[in-house]
Amino acid sequence: MAKSTTFFLLNCSLVLLVLFNGCMGQGRITKQGNQCQFDRLTALEPTNRIQAEGGLTEVWDTQDQQFQCSGVSVVRRTIEPNGLLLPSFTSGPELIYIEQGRGISGLMIPGCPESFESMSQQQFGEERMERGQMRGGSYQDQHQKIRHLRQGDIFALPSGVAHWAYNHGDEPLVAIVLIDTSNQANQLDKDYPRRFYLAGKPQQEHGQHQYRAGESQRGERGTGNVFSGFDTRTLAESFGVSEEIAQRLQAEQDDRGNIVRVQEGLHVIKPPSRSWEEREQRRGSRYNGLEETICSARLSQNIDDPSKADIYTPEAGRLTSINSFNLPILSYLHLSAEKGVLYRNGIMAPHYTLNAHTIVYGVRGRGRIQIVNSQGNSVFDDELRQGQLVVVPQNYAVIKQATDEGFEWVGFKTCYNAMIQTLAGRTSAIRAMPVEVISNIYQISREQAYRLKFSRSETTLFRSEGQAYQRRLDA
Amino acid sequence: MAKSTTFFLLNCSLVLLVLFNGCMGQGRITKQGNQCQFDRLTALEPTNRIQAEGGLTEVWDTQDQQFQCSGVSVVRRTIEPNGLLLPSFTSGPELIYIEQGRGISGLMIPGCPESFESMSQQQFGEERMERGQMRGGSYQDQHQKIRHLRQGDIFALPSGVAHWAYNHGDEPLVAIVLIDTSNQANQLDKDYPRRFYLAGKPQQEHGQHQYRAGESQRGERGTGNVFSGFDTRTLAESFGVSEEIAQRLQAEQDDRGNIVRVQEGLHVIKPPSRSWEEREQRRGSRYNGLEETICSARLSQNIDDPSKADIYTPEAGRLTSINSFNLPILSYLHLSAEKGVLYRNGIMAPHYTLNAHTIVYGVRGRGRIQIVNSQGNSVFDDELRQGQLVVVPQNYAVIKQATDEGFEWVGFKTCYNAMIQTLAGRTSAIRAMPVEVISNIYQISREQAYRLKFSRSETTLFRSEGQAYQRRLDA
Amino acid sequence: MAKSTTFFLLNCSLVLLVLFNGCMGQGRITKQGNQCQFDRLTALEPTNRIQAEGGLTEVWDTQDQQFQCSGVSVVRRTIEPNGLLLPSFTSGPELIYIEQGRGISGLMIPGCPESFESMSQQQFGEERMERGQMRGGSYQDQHQKIRHLRQGDIFALPSGVAHWAYNHGDEPLVAIVLIDTSNQANQLDKDYPRRFYLAGKPQQEHGQHQYRAGESQRGERGTGNVFSGFDTRTLAESFGVSEEIAQRLQAEQDDRGNIVRVQEGLHVIKPPSRSWEEREQRRGSRYNGLEETICSARLSQNIDDPSKADIYTPEAGRLTSINSFNLPILSYLHLSAEKGVLYRNGIMAPHYTLNAHTIVYGVRGRGRIQIVNSQGNSVFDDELRQGQLVVVPQNYAVIKQATDEGFEWVGFKTCYNAMIQTLAGRTSAIRAMPVEVISNIYQISREQAYRLKFSRSETTLFRSEGQAYQRRLDA
């Protein structure tokens, strides 16, 4: 009884908090002044490609006004089968959408136990290790929890937490990675993210864009990882190893880039059974707002699963949100996400987001997007295709329409509980106003006002009566 | 038992939070560096007037240093009887003081029910509406809660929530509207507020000030509302109405401005009985820190009612505060307010606000205000008259004195629980120090120190022994 | 039962909050863009000395990039025996480390009772005071709580709270004072702190540095305290005293500076018995996360006490942290601290701080510090000596090594629960990774990877196998 009362109170409080403030304690720090009018938006594609041994990183230009003004950076990573992304961390949190493939990832969270044990067949000859236990020629390894990645997952990474990822599938693992540089957690540069690698000698993803204008006091190629700058002898002593091994940490000779190829595949890790993930999901639905400990906190949720749609109109499409209510860790990252699917003829009602910018990435098909600013000017009216990206600023009104191919997108939002207000349909702002008010403000008869208010009975996603939108822009 | 224990804990926590941090999670982002010395303050009046069909909007210059450095904007709205302010929202929260008159306002909060029903006598002929129910020639309307506005109310508006207002009284409805652009909730420009209208074609209030220096890429007149920039056909489809009605939404031909006149008055809305407001107030006093749901959250509180004064000295005046303790929604807006009334001969003790700027607006009479900075320099020593405004920066010491007319002001504060420290009188900083310390720091005898510490037994508001302050500045 | 359940819930929530986000609601606002690369750090010493009658203030140059980019300012105060620091407050919170000596301090917290009473032998002749009570020629004084300062204390001062300090010991009282100007609580300049004095006519500590470049619209000498700028007559009326005493408040003639000498010592205050402090500490260990009221909140904790070390390796040294878990008020200041002691031959493992900058001040001996940025470049590799200071930016990797003198430092951190990730030793990031991953990312054999992972069994502090570090830099 005591418990449930408490829950009740905490929940009420949470609701108030989330519904009205939007982003308590957010304090996003972005470019200011006349530089950020958001008066002209364009569909953006990556401007830089960094090829590594085991995969590819495509980088959107961090200096673009849309990123500078929304305070985020985006890269698309393609990890080939058997590719291993070197461990790294950033000074701002990351929100990742797995566009394709499957893999595993390991996080290094300070203070969490090495709760996964594995046994290797590898023999070490005579030598006995100090800590690990040798059993009949093989050794036992212990490490922190391994997490699964699969198509459709939204994966949340707190800032400063190092992690690696490995593609153990048969097709490329493609991930859209958003880094929130304006996040309060980032006390370093707000202009571009810094990625700290724990191994290898990777090129900085955002480095060379940063210094277009000639300033090149920092090399175009990465000079190394966090170990590279230390005195080799000190490093060797710190680890209790030879200087030769310390040099390997510093990776002077490593030119494989940030994604390396594991020749024979990564064997030792025994991923839990397939049903493990289902259990994770089920556990999610019993979620009480407070995970048991941070070490076992759920960091991902699948956003592609049609059965979990929040809004569904059979003839128009579906919309799924992942926010602090279904993935609690997001309240600490101050980010959330939505996945939208519009069928041919589908329209997403005119709406605005009260408390967040939305970074819209085209996942499949093509959609026409119209965006309008506070002065009623159209700042974007164009198609967004698969692989393109556009920023919808906070409070700007937007309409999305599928082309005859249909349209799928993922939206990253700069608030842990981004909230939209629709302007047409049930639950819309128009429905909230008395007919008499509508009649007066739009100078129409009460009858017309009544029709304007009640014609659309669907919520958010509508089926267009006319033909699907056809691109006539370049005709 | 469980419940009360929990309350106790939550309350304790709240006290700690509010008392000491002041503004947890505030993160105000204002102009930085040498631009914001606050070294010379002046009493400001509106610099721009925007006349509309049904009323007037007077705008204080957002570019003025006092506003830029405190991160707020202020307008004064005068809505004539039967005037209707078009629905709009801003990217920062608003705190409104009703200086005169009475009216009603409707908010459009996403997810809240249309809980008010009204019946209209209007006949629609043969046609039957899809959703609304026709009963004997009249129709039934449903819309969200209507709220009352009356003189002395402080009204809190979360950012992004659209709202309209209507003057149903006999005298002009005058409102002082503060918009907190530096608020964390605002992820758009921190320099000036953006108002998004849902109807009409109003001029941007802060637009033309913004671009004094010649840049006029945006017209001086508003080009429209949030619907104006959409393709008319798409809009018509979204609402399921004809393109003619969609054009009315886009308001190409509307030149009535942001306040329109309702010819025969707004009839349909049946405001609740007079006692409803009293009930609201009573409910407020039972407030448990957690409103039932956001949809029924109290958004206003009367600050003029003498019976609710927090500090009252019969010979000097009274002071009333509205903060997160008596209007909980303010903790999400990060704003609060005070109302001060000084009688002839009244003095408000020298004091400073620990955790907030205070935007002081003269409501009645004239007062002399002295403001001193960290170096002991006087940065303001002048009269503030009705309709004028001055910003008292955080931590700056201030004394207010009534003239022989008396002085009334409202202060908007950039913290949900702004806290003042008085420097004279009971509860003052001087009272907190040992006499020996006072004696040593001011180089006075213990006897003098004793007198300095204990002479004034009143709290905050004193009666001057001499004559009322007379303006001799321009003599 | 109800109570414990509630605690459990609150604690869980707290853990999640603190562990993962680091600094909920921080929103630090520091210099942006290319100015803050932190690409070259240097050991800093104070650049300005302000001598006062009763002591000395040494000021680090606030304009230095390391301070501008971490958003803090630092001064070292030396209060001579019988010296009294005039009451003052700042617009950002202060975190203070008592390097030497002992004293007392009084805070003036609005709304808190005058809970200390003292009786003076001083006679006032015939006159009877209005408020105080005269008893047989002596008088009774009441004032707010007096707090003790002693070597090794970390003292937390909320922004805007005025306080004085007095050295009642026999040796100088030396305090390192960090002011967090980028703190959310500060709504004034983020570039340099403003100190408001309630008495005297002290020089602004950061004023003259601020205006090197010629702008001297503000004098190099302080023009006074918060009372100086008021009209003397108004001030006299406010306090109910003569204009002569009001002039003493304004301190026109006072040239003693910010620390004054108390000729016969400060007598009246009877500090509680020695055991009082022990009781305070014990109370701390029973701390329930919620202090009873803010007026009795614990504001200090000793960080030098070896028995309270968090990490201790007999051959290498010890490390103690003070954060929101053991000094709850820090969660409202968004600051924390660590004290490190490295014996001769001691090494602090390579590590980074996930969520805070660290301002490292050398307390004793000399240490070699190596700092590496995100590109693997060494940005600092030098000795830090007693009295010097260096800023270790968030996420930058760092190794500390004692010289043969040993090394002691105090670190101020810009987060209420700064969290480090070690890169070597038990609990390190390397331990969290599977051996197979280590082998692949560093291109070493599994055997070498195993050794790299398990060689060091200590946590954080290691004993160097070789000789203690000897400075060869200038050889």
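As written, the chains take the letters A, B and C, and residue 1 is the first residue of each chain.
The rule we apply is simple: a residue touches a chain if its C-beta (ideal position, glycine included) is under 8 Å from a C-beta of that chain, and two chains touch if they have at least 3 such contacts.
Just so it is clear, the structure is predicted and the values come from calculations on it, not from any experiment.
Bringing chain B onto chain C by least-squares fit of CA atoms involves turning it by 120°, to the nearest 5.
For the touching copies chain A and chain C, the fraction of interface residue numbers used by both falls below half; the interface is of the different-residue type.
Centre-to-centre, using mean CA coordinates, chain A is 37 Å away from chain C.
Within chain B, contacts with two or more other chains are made by residues 1-2, 5-6, 24-27, 29, 184.
Of all residues in chain A, those touching chain B in their complex are 1-2, 5-6, 9, 12-13, 15-17, 19-30, 32-34, 36-39, 70, 184, 347, 349-350, 352, 354-357, 370-379, 381, 393-395, 397, 399, 401, 414, 419-425, 427, 429-437, 440-444, 446-448, 450-452, 454-457, 462, 464-466. Residues 2-3, 5-6, 10, 24-27, 29, 84, 86-87, 89, 91, 106-112, 114, 116, 118, 120, 122, 124-125, 127, 129-132, 139, 141-144, 146, 158-162, 164, 166, 184-191, 194-201, 204, 207, 210, 215, 217-219, 222-231, 233-235, 237-241, 245, 248-251, 254, 260, 262, 266-269, 290-294, 297, 328-329, 332-333 of chain C are the ones touching chain B in the complex.
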